[in-house]
Structure formats: structure tokens, C-alpha cells
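Below: the structure, in C-alpha cells.
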Amino acid sequence: MGFPGAVAEREHADYAVVGAPLDVSTTFQPGARFGPEQIRRFAASYDDYDRRTDQQFSELGVHDAGDVRAWDDAPEYLEFLGGSLADLVRDDVTPLLLGGEHTVTAAGVRATDPDVLVVLDAHLDLREAYDGNPWSHAAVTRRALDGDPEDEPLATIDGIADRAVILGARTGSEAEWERAERDDVTVVPPEDVSEWTPDLAEESVYLSVDIDAADPSVAPGTGTMEPFGLSAREIRDVVRQVAPNAVGFDAVEVNDRDDGQAAALAGKLLKEFVFAHADPDH
Amino acid sequence: MGFPGAVAEREHADYAVVGAPLDVSTTFQPGARFGPEQIRRFAASYDDYDRRTDQQFSELGVHDAGDVRAWDDAPEYLEFLGGSLADLVRDDVTPLLLGGEHTVTAAGVRATDPDVLVVLDAHLDLREAYDGNPWSHAAVTRRALDGDPEDEPLATIDGIADRAVILGARTGSEAEWERAERDDVTVVPPEDVSEWTPDLAEESVYLSVDIDAADPSVAPGTGTMEPFGLSAREIRDVVRQVAPNAVGFDAVEVNDRDDGQAAALAGKLLKEFVFAHADPDH
Amino acid sequence: MGFPGAVAEREHADYAVVGAPLDVSTTFQPGARFGPEQIRRFAASYDDYDRRTDQQFSELGVHDAGDVRAWDDAPEYLEFLGGSLADLVRDDVTPLLLGGEHTVTAAGVRATDPDVLVVLDAHLDLREAYDGNPWSHAAVTRRALDGDPEDEPLATIDGIADRAVILGARTGSEAEWERAERDDVTVVPPEDVSEWTPDLAEESVYLSVDIDAADPSVAPGTGTMEPFGLSAREIRDVVRQVAPNAVGFDAVEVNDRDDGQAAALAGKLLKEFVFAHADPDH
Amino acid sequence: MGFPGAVAEREHADYAVVGAPLDVSTTFQPGARFGPEQIRRFAASYDDYDRRTDQQFSELGVHDAGDVRAWDDAPEYLEFLGGSLADLVRDDVTPLLLGGEHTVTAAGVRATDPDVLVVLDAHLDLREAYDGNPWSHAAVTRRALDGDPEDEPLATIDGIADRAVILGARTGSEAEWERAERDDVTVVPPEDVSEWTPDLAEESVYLSVDIDAADPSVAPGTGTMEPFGLSAREIRDVVRQVAPNAVGFDAVEVNDRDDGQAAALAGKLLKEFVFAHADPDH
Amino acid sequence: MGFPGAVAEREHADYAVVGAPLDVSTTFQPGARFGPEQIRRFAASYDDYDRRTDQQFSELGVHDAGDVRAWDDAPEYLEFLGGSLADLVRDDVTPLLLGGEHTVTAAGVRATDPDVLVVLDAHLDLREAYDGNPWSHAAVTRRALDGDPEDEPLATIDGIADRAVILGARTGSEAEWERAERDDVTVVPPEDVSEWTPDLAEESVYLSVDIDAADPSVAPGTGTMEPFGLSAREIRDVVRQVAPNAVGFDAVEVNDRDDGQAAALAGKLLKEFVFAHADPDH
Amino acid sequence: MGFPGAVAEREHADYAVVGAPLDVSTTFQPGARFGPEQIRRFAASYDDYDRRTDQQFSELGVHDAGDVRAWDDAPEYLEFLGGSLADLVRDDVTPLLLGGEHTVTAAGVRATDPDVLVVLDAHLDLREAYDGNPWSHAAVTRRALDGDPEDEPLATIDGIADRAVILGARTGSEAEWERAERDDVTVVPPEDVSEWTPDLAEESVYLSVDIDAADPSVAPGTGTMEPFGLSAREIRDVVRQVAPNAVGFDAVEVNDRDDGQAAALAGKLLKEFVFAHADPDH
């Protein structure tokens, strides 16, 4: 069951939905492996037509490439997934990744090599490693900035972001907050997101939505709920603003442990991304 | 199990709760058939007394007429249900309909023949037909405005609204948005609802609450969640403002697929409607 | 499984988490007995470090004393629980009570004998009795103000609050609203909570969070959802402001009937309380 | 929503369904208060006609008397409930009680004063008291045999069984097993139930089905699952055999914490009871 | 996401999985529309290899043709679906239909025109019509035997079964039981299914598994649970015995309202069918 | 919350409950990490007293050692866990391991070095590796027989079983079935388990219960349901028979995705194991 409206063939596609059901390092509530399936399912009832941009989703060249089946060796999987995404990028297809745990963003960044990583997340994800694992979801923004760990580098793809903007972040370890004070990181607390506007100029952006950026009332079906988060509209407005500069997008950390709220939001945001990216003047 | 506090006998009633568990055209998540039961159940813990209007619900003449059992022929059912509601209206009893899918609003409008249909809904519901079905929930506001389809008219009751105000609408097909531009339709997007005030003068109103007008965080238990919706308080304030002019009320599209949030809200709104209707000067 | 980060031994503790799984008078949805367990479980993914106050939770002297197993004689249980809490207070340990139904607050108030009871609650809880039961959750704030019922006094502990501030209250019986008009009660409706600031001077406070103060979208897993409630941030801000004056804290009425939202919020509020209490200058 | 097919008026009834949603002493998983509602709901899809006895349920004079609303003082409630049931018995109406916790059987036995209590139960329920409570569900069979506790007798009704047969029992305290060895108790372990035949002669019987007699696979929605229990058919066959001698029936300990299995079984057993009782020669 | 192991291309296929998510006439618990998706999902963990027949499922030429999207006009849908299945049959591909409500079997029978319909079902499904609807799931076996209703015939396909064997049936209306006594119907009650052996000689069979044939403990996720049903092994043994003669297969009435048990069983039975059909000598 | 009745101190213990919430290689439905918590929770309602052996569980010297917190490097974790278990064994304490995924059995076998591994399992678990992972749950019985993989050996503990008896197995890859034909493996299919009696003489046994050995109706809350499994009583009888020879026990693959059935069974089997082990003459 492909993403609704993703009716383009691969060879004519401008966008490609790719499921990445990795679910090995989830710290608390597992189930991110069912994210791609849930997101596709709960997008079933959305209208094809978008009033704001006066576009039909099904006419925007979105292809659903299915899932890249995951196994439990994260670095190996990231390499493989990153390779698939790089193939898309080479053909000028913008990847729309559906996680899976946040770790999969590493593959997206590798493949798109953006100037900036804009990430919506309750967490800084700036750890050097978590429980000794440098490829944990809790270290993914660090990986995107600082690259491979010494002892477990990926082999073939090596895109990296020059800086990161983390929107909605409200928690992290002391060490993460220290890393966040370096020049290449901007943290926008949840209370300030509604007033944030991007200052991107010509920079290319990879946009990653960790669904736990949202308040748990908005997206309870995620691995680690963190109270005091963003409203759905706040996230949407960030997506609309950033999309025109974006070279890649993902929505991650959705699981099947709520009544569909997290998945419904993630699928909607994917559509908002495509509408705004396809019509940047709106 | 009647609606809590609905203790009036039919012959002394000013209001009548009527369950209408129709659930045939639901596009995505079914279960609207359990709406009336869920709403009654989750209203069990509400206080009888309303501080704002200084009234006891149980003293306001609300009768619970039970459910009008549904079957799978929607037009037939609407005729039958509309007849029951017309009987109430004839006796000056204000109907309080609990859906079931939104389609049942057609019966409410037929029976009350209002000047205006005020509808809270994420969707325009202005389709000519959906999957060939003119009696789909997705066409109900169109039916209320434009009347019966040529080939499948209802036989005996024919009330209709002169105009419709759709509050909280955020999605529709291109054709629906075009129909919405005609003079007899006003669309208030979710962002503007909190500032909306009714301009109803002497007009009579039928007030329909499709629970999906609310944000999915507020009412996840509904057939087609649509993000970026209304808060519970925004809906409540519309109900309070419109109730004094109302000749009928419904709350629809509640199902049993959440933890009671949608039903709890719908039952509360019914009570707010009655309190405001019974004491219009407040 | 102790509360995450509550690693202090009893003899070196400044705070003690105490589970109080009483669940006998819950009017509607039972399950408050699983509150302590749920809250501990959903606190598992929170960072130890708090950026705002620059403190580690695990360094603040929090001990987890486990649960005081409940049985179905509420007054007997309250005496026993109150005794346990009084032991803590005697040793200058601030009790952090996890309910269980709201009734357990009576034990907290007995043990800490505060000047003021600040309670976040959708309900006034000012009944003389509920269904003839003076020790119902719906009468707990009344008990805290007016003391024991004539025929069923507790024997050994008798702390009481001189006044009560009820934040977020939006419903009650007519008699409760009348009682609320007396000088010793302040009611702050949900719409005004964000602007409320405590006027506590030197007064000692017992802070009780009935999770149903939150909007049902925020905390669906509670015994009696009441729409139109507080946001998580509004509750958090009250906790932060009141904590410096507090001699005791509880979070009650969390059950296991949602997807963890209510428990996640309650656990987070407990941590916010400790951070703010330990660093009152922040 | 009455029990499906229970269409007789009270004055022409031979049977009366009575809901008794008591839920105070449930030791583990609460929710028995929702038993009557769940059982009526899940009986909705059963055929009216019974092939075995060639009878229509709706023609057998079953009245649904609704629920006797419960509060949290069990002995008071039992008196009140017992009085209601005694009224039925006086009019030659056989009570069909839907629990609620097992405690409500005490009211059924009081009202019908049977020679024998036949009870299907995983537990002996022969405690003198549980946590000091002689009116706990875990003491109900003891109460039915040995009558009121000294300090908390019921006032007005006092039927009692001369002996008890406990089918499917597989657990109890040591003291319960000792009480079970007295002459007035027969215990049939689960493994022997399929071969058991009643030896009742002229004795009148009150038949109580604690749904936890069934294996947890058959009825997970109950307060205290106990593995290694009965199949649905084994329970059905007991019901069919005992019904002809019965003066009362109940199905108890059903809650709302499964997907309807426990409720579906309880409703079916009620129907089997009526069919067999109405046509004892089959 | 195709059925696991269904890796054959359409043009080389011997079997084709076809989802038929019709869900309009479900009397009680809706959700059969999610059956195909649930069944594919819960088949994910099954081994490809079958020890009994020493075959790999993925080598048996099974193609997954996806779903034939449903709408709410059942006769129209049946025609369309039947046409799709007839195309398969014409190419010697055995259809493996996944419901959806039982009504879809009508399309399977039309397309395959079998001598015998062997159906596992709790219900006779022999009604002339249900609530006036001759295309209700409760009338599907009647349709398969007696053909179209006078006023609503299907237009283009008209296969029919000469006789029906209904295994596990335990309920029906009086009229259905009478129809069942005619020569062309054999009813095998649940208690006798384990001893039943087919007497099919050269007859071709369409095998339909209504998952409610199973006991509710085995398959709670179905529209109308009926206690006292078959074990999973009893159903499996029927499937194995009948498959060699079969020209078509379906598994229907699975919904998403349990924890996957019904779907897991249905997917396994599909595999058992294919293994037994492909290796009839086992 | 310790295992109910596990009240012995470590230094006086004969048995120790150890939670091992590893959950990384689960192929399908994750959540085994919540197994230890669920099992302890659902054991809360079991009687302390066992009639069959006339023993109180709380008098049998069972200590609850809590959980050995897991991380996502399975071999590292197994070493650490194995070390903890070896400490117990050295002190003549019989380990009672609660999984977590089946992989943790490897640690139990290492620590106890049994002659025979008796395992109840739907699956053979005899793979050389799964998705390249030799420490997958699907390879655990192979590890117990054939020891460490060449490239990823555990360092410090190296117990191994001389042979394995796999009861209830009904599926595996072709290679697994071939491995199962070697002399050191006995496979007892589900249909034959009820007649199986151990032939253990003086051999020491490690007994592992993969809860998926049970039929999905009995234990739906497990990672990979496999239909046609064992009844709860069949599993219980194996446990009783094997316990007297056992040097270790585990119950694994329980998750939180059902209504407690799997956990309730696992907790009961642990108690049955202890009762039978402590009183081998029964």
C-alpha cells in the first residue's frame, strides 16, 4: 500500500517516499518499525488537493519506493539506506524518508550533503554515543555535524551538515547542552518556535521531523514522549518555511502505540513539505 | 443507559437526545455506530450543575429518546430518522442528535428547516457525491444546501438551509472549494474561529458539530482525523454563541477508537448547547 | 522499579517518592491503582539533567520508598499512609506522593500541616460527602479545609490547611460553588491560570496536582475527564512557582487507560517540582 | 440499551436482567463496573433463535430492569440490591444478575434462598474476609454458606445456601482449602468439570458464573486471570445442566479490559441459561 | 506491502492474493476493511518453508495483486471484484481472496463456478436478505446457492455452487435452519468438525473461511464473535483436506479490533491452503 | 515492584528472579523489554499457597534480584548477564530468568552448564545466524548446542548443553530442520507434547519457556505468534515434570501487546516451576 497520491513512476519522479523501519536503539517504547506503515495508512483520508498552494499532490511527481527493510546492525543498514537515497539524489529526486528511529536521518544527511540540518526534536540528539552506541537515535544530530565515530565509520557515503538548527528542543544531557553552545548549533526552545523564521539565504537544508518535537498530546505514539512540546501548527509552519530550501526531508520516531495521532501528523507534514517545496513562492 | 440528566418524559420535554448510529459511508476508520453509546457513557461523570448559567441540566426538560437503529440503506434511514425528528419539532422539542456519521445531519436539517446551517467541521462536505454516493457524509453540507440528488430524492421531508457557515474547515476537493465560493457558503478557517462572531439576527440555525473539527489531539476517535484543528474551547465558544438561535443540534463522527476523548467532548458540548439555549441571555 | 534517578538512601534523603495506589471511590473510570507504576514507567526516558536550573535529578537526594499498598477501607488507609508520611516529615524529608485517587491528598495534608493547599484540579472537590462517603476523592479539598467528618474522624494525625487555592477548576455542584465563595477558598478558572501568580509570602504550601486539571487531550488517562482544561505548560509554570514554598507534593488520578500521556506528564511534573524546590532562586 | 431480546414488560416477565456494577473490592484489574454495559453490548449480534431448544429468546418473557447503580459501601449496596431482587422473586420472576464484582452474588442468594449454590469460579471465594473485608468478592461463597459476619450483618434479607458446588476452582488460600473440605462444599477441579453431572434431585439452585472460571484465553477481561481454566463449552454444558433447577443466575467479574471476549461469553451464557430453564426437557 | 513470500509476477503466477476490503454490511463490530492489511502484516513472521510438505512458499508462484479498493455499493463492487477474479481464473490462477466482509465470497464463487462451496463459519449465512439487503454478509451462502435476488441481480458473472457444506455453524435464524435442511446444504456442528472428512470425489470446491468459525478465544478480531467455536487446528485440518479439490479460497471477516490473533490465523491458513493445494499428495 | 512472594533476601535465597529486558533482535512485534515488568505485575493476584504441593511460595526462598538493565549490544549484554547468573549459581541459587527476547537463554545456559536444554518453543531457533546476527533470538538454541560463533565469541563464560529437547516446535527454515535431525536434538511437535514424558535420569536440565510455544489464543502478547500451539495446561505439565531435574529456568518473549494473557501465564509457570522444584516428590 503506497503513500496515497504517490502515483509517479520512479523514472518520472521528483520526490520519493522511502520507508526506513529501523527500530533497534529505541530507548523506551519500541515500535518505530511500524512507522512507515502507520504513516501511509493514516494518510489515506487526506484530500489530494491543497487549497493554500492550489495544487494536487498526485500531480507533483511523488513516487513511493517502498521500504528499505531493516535489520539490527545499524551502521550497516545506514550505509545501505544511504546508498539507496544517494541514487535518488543523483537523479534529482528529493528523498522523503519515513522512520523508523531517528538514526535514519544519518543516511539522509549522507546522501544529500546539506549546508544546514534543520531538525524538529524534543531532544538535542547531540550525544557522542548512547550506552556506548555512536549510531543511537540519541546521537544522530551529532553524527550529522561531526561525522563518523572513529571506530565505526561508514564506508561509502559521507555527506555532513555545516550547522544544525534544533527547533523545539527542551531536554538533553549536560554534555549535549555544552556541545549545543558551539557556533554550529542553534537551539530554539519550544516557546520561541512560533516566532522563529529561517535565515537560510542560499543554504541547502535537510529537514528532519522527530515527531516527539510535538507535545505528547499531539503525538503520543513515539518512543520517548517529552512534555511541553510544539503544537501541530507550529511544526507545520516550520515545514512550510524551510521546505523551499530543502534537499531532503524525513519524519521519524512514529510508532503504533497511540490511536494514530502521531502517524496522521507525520503524513500530513510530508504532504505540506511537498506542497511548499513544489510551490516555493507561496 | 440514557444520557445522564436527561430525565424528562417525552410529553414534558423541551429537548430530546436521539442516537443515530449510522455508519456506512465512513471513508476511513469505522465505528461511528458506537458514537451515541460512547457519548452517553463518557458524560456520566459531568456535574449536573452549570456555574456559568446557574442551571441544573436535569431541570431543563431533556428527554432521552434512545437510538433510531440504523441499517445500511442511508436514504431510507434518513427518511425514517427525519420523520422521527420532525415529530419532535412538531411538538416544539429541540432535537439533540448524536451520530453516527455526518450524513445524519441531513435528517436534522430536513426536520428543522433552518435558515442557516452552522457546521463545525474539518471538511467542507460540499461534494456532489462521494464514490458515486450523494448521501455520503462527505456530501452532507451540499445536501443541506442544494437538496436531494435527482435520482435519489427523499420522499417525505424537505427542509433545507438557505446558507451555510463552515467553521474550522481546512480541507476539501478543488470542486468543493469552488462551491464554497458561492454566496451561500461562508468558510472560517481554523485560525480565525476564535475571533468569529455570529451575525444571525433573527435567523434560525441548525448547529452541527462534526467532531473532526477539533484537532486530532483533542478528538482522536473520529473517522478521518485532520491535523491543525480547533481547540475544545474554541468549539465550546461557538456552541455557546450560536445556541440561542438554534432549532436543532447534533454531534457526529465520534467513534470508539480512542480513549474516550472525542466522546467526552461531544457529550460536554451537548450540555453546553442546552445550557446556552435555555438561558440565552447569559 | 523505583522512580528513575531516585537513588538516595532513606537516611540521606531530602525527598521521598511514595506510591499510594488507593482506587476505591473513583466515580467513573477506575485504574488509579496503577498510577504509581505507570508514572515510574513513563519517567524512564527523561534526562537526569535539567537545563533551566543546571541540576542533576539524581544528585538532589530523592529516595523511592515504594508503594504503601492500599486496601478498600479509605479512612483506615489514610491513617496508615498519613503516618508513613509524617515519619518522613519528621526527618525533614519532603514527601512526593503518587496516587491513586485524589483522596490520598488528605494524608499528605495531615502529615505536612500546611498553611495553604494549592491544588490543580478540574473539580472543586469541596463536597461534604459523595454518595454518603466523606472520604471520597470528590470531597478531599473539603476535608483538607474543614477536617474530619463527625462520624468518621481519623485518629492520629490532624494537619489541616488554612486556605485553599484551586487552579483550573471548571465544575462542581451548586453546594460546592457556594462553599467556594467563602474566604478560605480561591478559585482560578482555567482561562486565568496562565496569568496567576502566587501570593504566598511566608506561607507553607502543600501542592496537589489532580491530573484532570489538564485538558483531556493532555491527560486522557484519568478517572473523570473534564474538557476545557489546562495545557501542560500552564501546569508546569504553577508547579515551578509554588514549589519553593512547598512542604509536600502529590500527583494523583493518573490511571492506565491512555497511551501514557497522563503518566508521562505526572512524572515530569514531579521532576519539575524537585528541580524548582531544590533551587528556589531560579 | 437493554439486553437484546429482553423485550418483556416487567409485569409480564418471567426473567429479569439486572445490572449490578459494583466494583470496589476488585483486587487487581478494576472495571467490573462496566460489566453490565459490555455484556449487553456484545450480545447485540446473537441470533434470537436457539436451534437446540427451538425457541426464540424474545418470546421467553425476559425483561431488562436496567442497572441498580452502585456506590462504594458494599454491605449497604447488597441490602438494597437484594431487596430489588427479592421483589422480583416474590413475583415469580427469575433474576439474571450481571456483575460487577462477585460480591453481588450475595444479594442473589439472599433473595432466592436456594438449597445449593453452584458456582463456576477459578477461586474458592471461601475466605472469612479479605484485607479485613468480609464483603469482598473473595469471600462471597463463604458468605453464601455461613451468612453474615458478626459485626457487619445485612439487616433485612437473609437467604442462604445449604451447600455449595464450586466448579473449575484451582486456587485458594490454605484456610479456604480447609473450609472446602467440610461436607457442605464440593470442589470440582477444572480437569474434571467436563465429566461432572449434577446430582440435584429436587434441590433448588442458584447458579453463579464468575467468568474467571474460564481460561484466560477465553475470558481475559476479568479482575484476576487464573490460568489452566475451563473452555467455553465446558461452562456452557454446566449451565445447560443446572438451569432446570435454578431459581437465580448471575454472570460476574466481566470488565472492559479485553476485546470483548469475556462479555461475549457472559451474554451467551445468560441466553443459554434462559433457553435451558424455559425448556428443561431438552 | 505485499503478502510475505508472494513474489511471483502476475504472468507467471499460479495463485494470486487479492485484498477485498469491503466493510459496509458488518452488523456489529466494523473494521473488516483493515483485514487485508492486518493479514499481510501479521504474516510477516512466518517461515517460508513448510516442513510437512517440504516446500518453500516463495517458490509456489504466489502473486500479490494488491487490493481491489471498495466503496459502499456492494452489488456494484461484487461485479467489479468478480470480474477481476474471473480474469485470474481465465489464466489458471487460483484466487486467494482476503476480506473484507463475507459478502466478497459471492465474487469468488461467481468467478470460479465451483460444484461445492465449503465454508467454515459460525453462522449459516443463509438469509434471503438481512435488513432488506440481499447482499449482506449474512446472506452470502444463500446467494452462492440460490443466485441473485430478483430485483438486484449482478450483470456479468454468474457462477454458482450446487451445494454447500457449512462447517462449525452454530447459529442462525429459524428460517435459515429450515433452508439448511434442504438437500443442497450440509451443516457440520463445531463438535463434529474434527471428525469430518470431505466426500468430494471429482467435485470442484470453493473454500471460504469466515474467521468467526473459530472460537472467540482464537480469533477475537471479527465482526460478530460467536462462542463455542472451532480450534485453530480444526480449521487447519479442514483447509488441508479440502485444498486439493479447490478452485478458490478466501479468508474473511478479520478486523483490527484484537491484538492480531485473527489476522495471524487467517494468514497462516492461506499458507496452509497453498502448501496443500500445491502438493495434494501429502 | 518485586515478584509477588519473592521475599527472601539474597543471602538466604534458593531461587532468584532476574529480569533481562533485552529487546533488540525481535523480528516482528517488539516490546519484550517490558516482559519482566508485565510478568511481575500480572502475578499480583495469584495465591501464595499451592494446593497440589501444599506449599507457600513465600516460604520457598525466592529472591527478586530486579532487572539487569539491557542495552543494544547483545553479546556484551549476554556476557554481563551471564556473569550475574553465574554468581547466583555459585551460591547454589537457582536462576529464574524473565525475558526479554529468547537470546537471554544463552546467558542462562552459560551460567548453569546443563546436560540438557529443554525448551518450549514454536520455533526451532537453530539458525546459524539470522540476518547475519548469530546472537539473534532465532539462533539461541543453536548457540546453546554449538557454542559461540567464530567471530563473536563470549569471553568469560562457556556453559553449553549436550542436547536439546524442543517441545511444541512447529516451524523453522529448511536448514534448521536439517540441523534438528542430528542426534543431539529431539523435536516434539505440538500434537505430541501432551503424551511426552521426560527421560532425563540423572541429567541436569535448563528449562526455557518461549511463551510463543503456547497457541496465540493463550499468549497473544509475544513477538512472533505462531498458530496451532500448546495449551496452557500442556506447558504447565511439562514444567512440572522437568522442574525436579532443573538447574535453571526462564520465561521469555512476553511483551505488552496483549491484555496480560502472556504475562499472566509466564508468571504462573514460574511459580509452578518453583513449587515442583522445591517438592520434587509430588
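List of remarks:
First chain written, first letter: the chains are A, B, C, D, E and F, and each begins at residue 1.
We take it that contacts are C-beta pairs under 8 Å (C-beta built on N, C-alpha and C of every residue); 3 or more make two chains touch, one makes a residue touch a chain.
No experiment lies behind these values; they were computed from the predicted model shown.
Homomeric contact subunit D/subunit E is classed as different-residue, with under half of its interface positions used by both copies. Centre-to-centre spacing of subunit A and subunit F amounts to 39 Å, using the average Cα coordinate of each chain.
Subunit A and subunit D have Cα centroids separated by 55 Å.
Taking the mean of the C-alpha atoms as each chain's centre, subunit D and subunit F sit 38 Å apart. Looking at subunit A, one finds that residues 215, 217, 258-259 touch two or more other chains. The touch graph of these protein chains has some other shape, matching none of line, ring, star or complete. Of all the residues in subunit E, the ones that touch subunit B in their complex are 23-26, 30-31, 33, 71-73, 131-133, 136.
Residues 27-29, 171-174, 177, 191, 215-217, 220-221, 223-228, 257-259 of subunit C are the ones touching subunit B in the complex.
If you check the complex, the residues on subunit D that touch subunit E are 42, 44-49, 51, 56, 215, 217-218, 232-233, 236, 258-261, 264-265, 268. Residues 1, 37, 41, 66-67 of subunit F are the ones touching subunit C in the complex.
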